[in-house]
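My questions all concern the structure below.
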């Protein structure tokens, strides 16, 4: 589905990504772990086309996408839920969700968009109650739901999430991970970046570990959960 | 530490760049040129005055040099723009005296900039000829002179005209700028002498609409309106004036005697538009016996030929100013900047010098304007032309 | 006597509406650009001047009929807005409020300088759009052009409001302003929208200039003061709010003219700005601030 | 002690300049540069360090100039007393105005200070009885201190540059202290600053008053050295120019003000032969400088040095 | 009780964010405040530190009602805090950031600073030393010369803590200090909190990471929809059924 080979990214003279190779297969949840500043977010940004890679290839659905603009990449079918939610606070919740449809809005029927909307509201009934409110009035957990909902509205062939559990209460984290599993059942592959390594590895099929811009380890999620190095470095005793 | 060294190096560099500039210009072969500084508002809000003035001055310099200069010395103009800004005017005056060593200066047509340049002229004992009608050149040991009939004379001319027409109640609308201030002061002061009742309002030169002021002025049921402003704002006032259905005479200042004013008023010209001015403006209407008609025609023709434009009153005043200065340079036998102190006493001795403006210049120790009230005349705008007012 | 007082009041109010509407148009253009790009454009007044000058040149110089001249010069000034964005705003790497203010003021100096070279220093006027001397109403009289000005403000503000609140594209443009990065993750081409917003901002500014050209005259530096007052109006109404821009402009215009009429024409600006300060002290974020910030 | 050497060298340079170019017109320009250095340093402190955008610095400058001029000429105050009175009254005005205005932020602050500036300017125009109105105030007596009358440009040059250097020194001291740090913290994040126990309102107003005092002082000196002042000094463009000076020199680098002022005041001198083109060229220069040197000259030098240093 | 909150209530435009919350914090202990997102924890923090004023209720610190005090006065009394989204002064170095924390414990005024009186020099020296000490305490001793903005997020958090400590507080409020930290970093942070407690400083903590809360807190208060729903030792809270349904899950 998504194949990244030897990806390098320079940030003002500093090399943020050094030869990253990574794969997401159909029907997989792949999670990428790593400390702050390891380059995880940069990885997502370069897949989304916000950051341009200095070297390497990103192939999605058999199509080379490195060098394409972010709007082209969204159109090809990769949708990112950014870190820190980044909802449009001054737009209503429904409008926020509609923004997710931007790239296919003119091509889609009203009915199909309404169906999508209902699907999202099924996942997140709380958003339905408040559909006319400004997104800025939502709590952190609700904003995260909105951001994911917005990602779903884009009808992605691959959904990428950047730290969806950041700053959320345990119960809500659980909710969100359940929803990720549900999406996975709908055959949407997911690339997940998480600080909360334990929770991430529990739902993931495979995992990668990044350190200082490199991938230092990869494997099945269940194996990683038991790896001594991972436990001491990321999961805590 | 390192930074400071670099700053220091920067300053030295700057100094070396500046030093050569500060050296006096080297003299040209032949008799050294005599310099007159020209410190005009060629940009900024008074630019429309500065431009014709500059043209007239340049025209005369050309004429002088073509006819052999001043006793063989070529006349050189040192021209600086003061951007209608008093601070710049003062800096320019310093620059032309200290750096360029001019023998005399022509200074600006607005009062504020003339006032700013005045102390410099005084301190450096260099003659300054202002082109402002309300600038005050008469004070002890003055090195300043001024063109135009004094604004007081102009206002008296208006009031004389009012007296003839039986106008007793006058509405006054003055701008919040230098010109407006002067007109406000002079008109209200003189009104007492003439027994004229005045109601006054002020407005801002940037205003797009003065109907509130005009509406308030309407209350006294005035017989005439005096508008104390020069240039563009007049058009706004006139527009509102017509709109509100005023039929009374619309009188404005002599500062408006220019082609651009006529163009401005096109389409909005009040029925009875009056202003005090100079005989030059209507020279074609004058009798052939009028003594200055010949020089007026010559100037007008030369100016039109060179610039393809009608000379306006500012051009004339500037032209006269440089004529007077050159006359004084000749009489004082000025040979260089060291003689510049003599210029002003020589001007004071000039009597009955024919003015292109109309009338003659007779200066004295106490009169640094040289023109009299009688040299002013009431004009009227009719069909896009200045005429003598009946 | 009462009649006289009434006609006086009407006169003041119409004068206030006229200048207020112009301020409102500047403020609308200002907000238009601000809402999509968060750029504080203090050169908005120069767009006004360019609009008026271009229209006069096209109409009086090239003898184009007035409607054609209007449309053409609106487009021209819009394009100037786009160029403005391309070469002056976009190269700025880290835009801060301070730099934006200085930069747009620098740009305003430049635009004035260019206008000076093209049109010289003399003021220009334009005929009123409809041949008519003046309109009388309750003893007050005013120029028919006022109706055009007020009409433009109403139409512009309503269509802006409709566009940004009700249409999908408008909402997408708002999303761009709030969070350009998230917007581009939605597949929105942010740069295009920025270009469009500068086009519209320039066009609205230019339109404002064309509307007042027949009322006031236009000189190369005639836009600056109106630009500043328009900026004041935008702030007064609450930066970013379209109804706020209109209300801010009208309030400022009325304040000025009522102060002139009822207190003293001598202290016009003083009183208007004192009132502005007072309003800001009481409502520090303007009259109609959106709830989002 | 070694750190003082560049300062001493610089001082020496300043004192030698008039000797190097006697009778030059540039001394006059340098007098003006000195005055604006004093006023712009205030802006550096207020805008650069405390982070409060002010568009009324030129109005405070003009206020200082007028109070000196009016008190000396109309009411025959002792010159020094008049200057002090001017500074004190400007400080009071700054306090009264600053207390409410500084609660505002961003554009709101910008427009409020702009309004304050316009009000001061239009009052100076309106109160013509005292101020001479739009014509300006003329024939201001030259400065007289303890019997010594300052007459020539060179005398003013020394006076103004000594004061300017003291002002720079004092400002540098303030900036490198607890007070300056508090101001910087407010600029960085006022909520965090308040949580650290910094009285935001107090430091904002201190910065505002100091900058007003500098402006007023500079204005007084200007009035005497120039002997003519007009309300045009309070134009918005002058206030903006002072901010541009600070940005060009390098915001938050106290001594950058020297460079910024030198550039800003030299541009018109160097462009004077361009007449009508001046405005467009000035605009272009400003745009280019702000776009490609937003940190200012001294800021760039510092950046290069910082990169070189480990 | 060093801090007592009584009937604290805040309404925003008709919506009640915090409703009559009361609790106390004993001197020298760590108290945790937990609850779902949007439950009103940060609002409570802001009312205690004075960033927003309470609609109703009192905040008592060391026996003194401090409701009317602005934030900087409360800081002066000894209440300090960190922020959910780290708030540093990005263009100042780490050292200068922490020196800002010393503001309260030094007192150079404007005049002394302008003339650089000996008093001022002494203060500077004192502040510098103190700041270096605190930076070393949180393990950033070698990062002091870097610009705050260039530090990694975890380091910025530690620097923020050092800055807080430099103000010599009696009570520190931590707002989600572990957000964005991974398991190991969180453990380190827990150690740091305990070390701070050892210095005799009282801590009020808002945190979602339950493992950390359970480890460091002496007592836990749970709020939901603006009201307190439970209070007790970590053990009690862990088994409280209300808390499980509202917050902890499973």
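Per-chain residue numbering starts at 1, and chain names A, B, C, D and E are given in the order in which the chains are listed.
Simple rule for what comes next: contacts are C-beta pairs under 8 Å (C-beta built on N, C-alpha and C of every residue); 3 or more make two chains touch, one makes a residue touch a chain.
What you see is a predicted model; the values in this text were computed from it and never measured.
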item: Any chain that touches chain B and chain A; value: C
item: Contact-richer chain pair [A-C vs B-C]; value: B-C
item: Most distant chain from chain B, judged by the mean position of its C-alpha atoms; value: A
item: Centroid distance [mean C-alpha coordinates] between chain E and chain B, Å; value: 71
item: Mean-CA-position distance for chain E and chain D (Å); value: 41
item: Between chain D and chain A, distance of the C-alpha-averaged centres to the nearest whole Å; value: 52
item: Intercentroid distance (Cα basis), chain D paired with chain C, Å; value: 32
item: Overlap residues in chain A, where contacts from two or more other chains coincide; value: none
item: Per-residue multi-chain contacts in chain B, two or more chains; value: 43, 176
item: Pairs of chains found to touch, sorted by chain label; value: A-C, A-E, B-C, B-D, C-D, D-E
item: Of chain C, residues touching chain A in the complex; value: 168, 171-172, 174-175, 178-179, 181-189, 290-293
item: Chain B partner contacts - residues on chain C that touch it in the complex; value: 4, 7-8, 11-12, 14-15, 18-19, 22, 116, 121-123, 125, 127, 133-134, 140-143, 212, 215-217, 219, 221-222, 225-226, 257, 260-261, 264-266, 268-269
item: Residue ranges of chain E touching chain A (in the complex, touch as defined); value: 34-39, 84, 152-154, 176, 179-187, 208, 210-211, 246-250
item: For the chain C and chain D complex, residues of the former touching the latter; value: 40, 88, 91-94, 97-99, 101-103, 105-114, 116-117, 228, 231-232, 235-236, 239, 266-270, 273-274, 276-277, 280-281, 284-286
item: Interfacial residue positions of chain D with respect to chain C in the complex; value: 47, 53, 100-101, 103-108, 110-112, 114-116, 118-119, 122-123, 126, 236, 240, 243-244, 247, 251, 276-284, 286-287, 290-292, 294
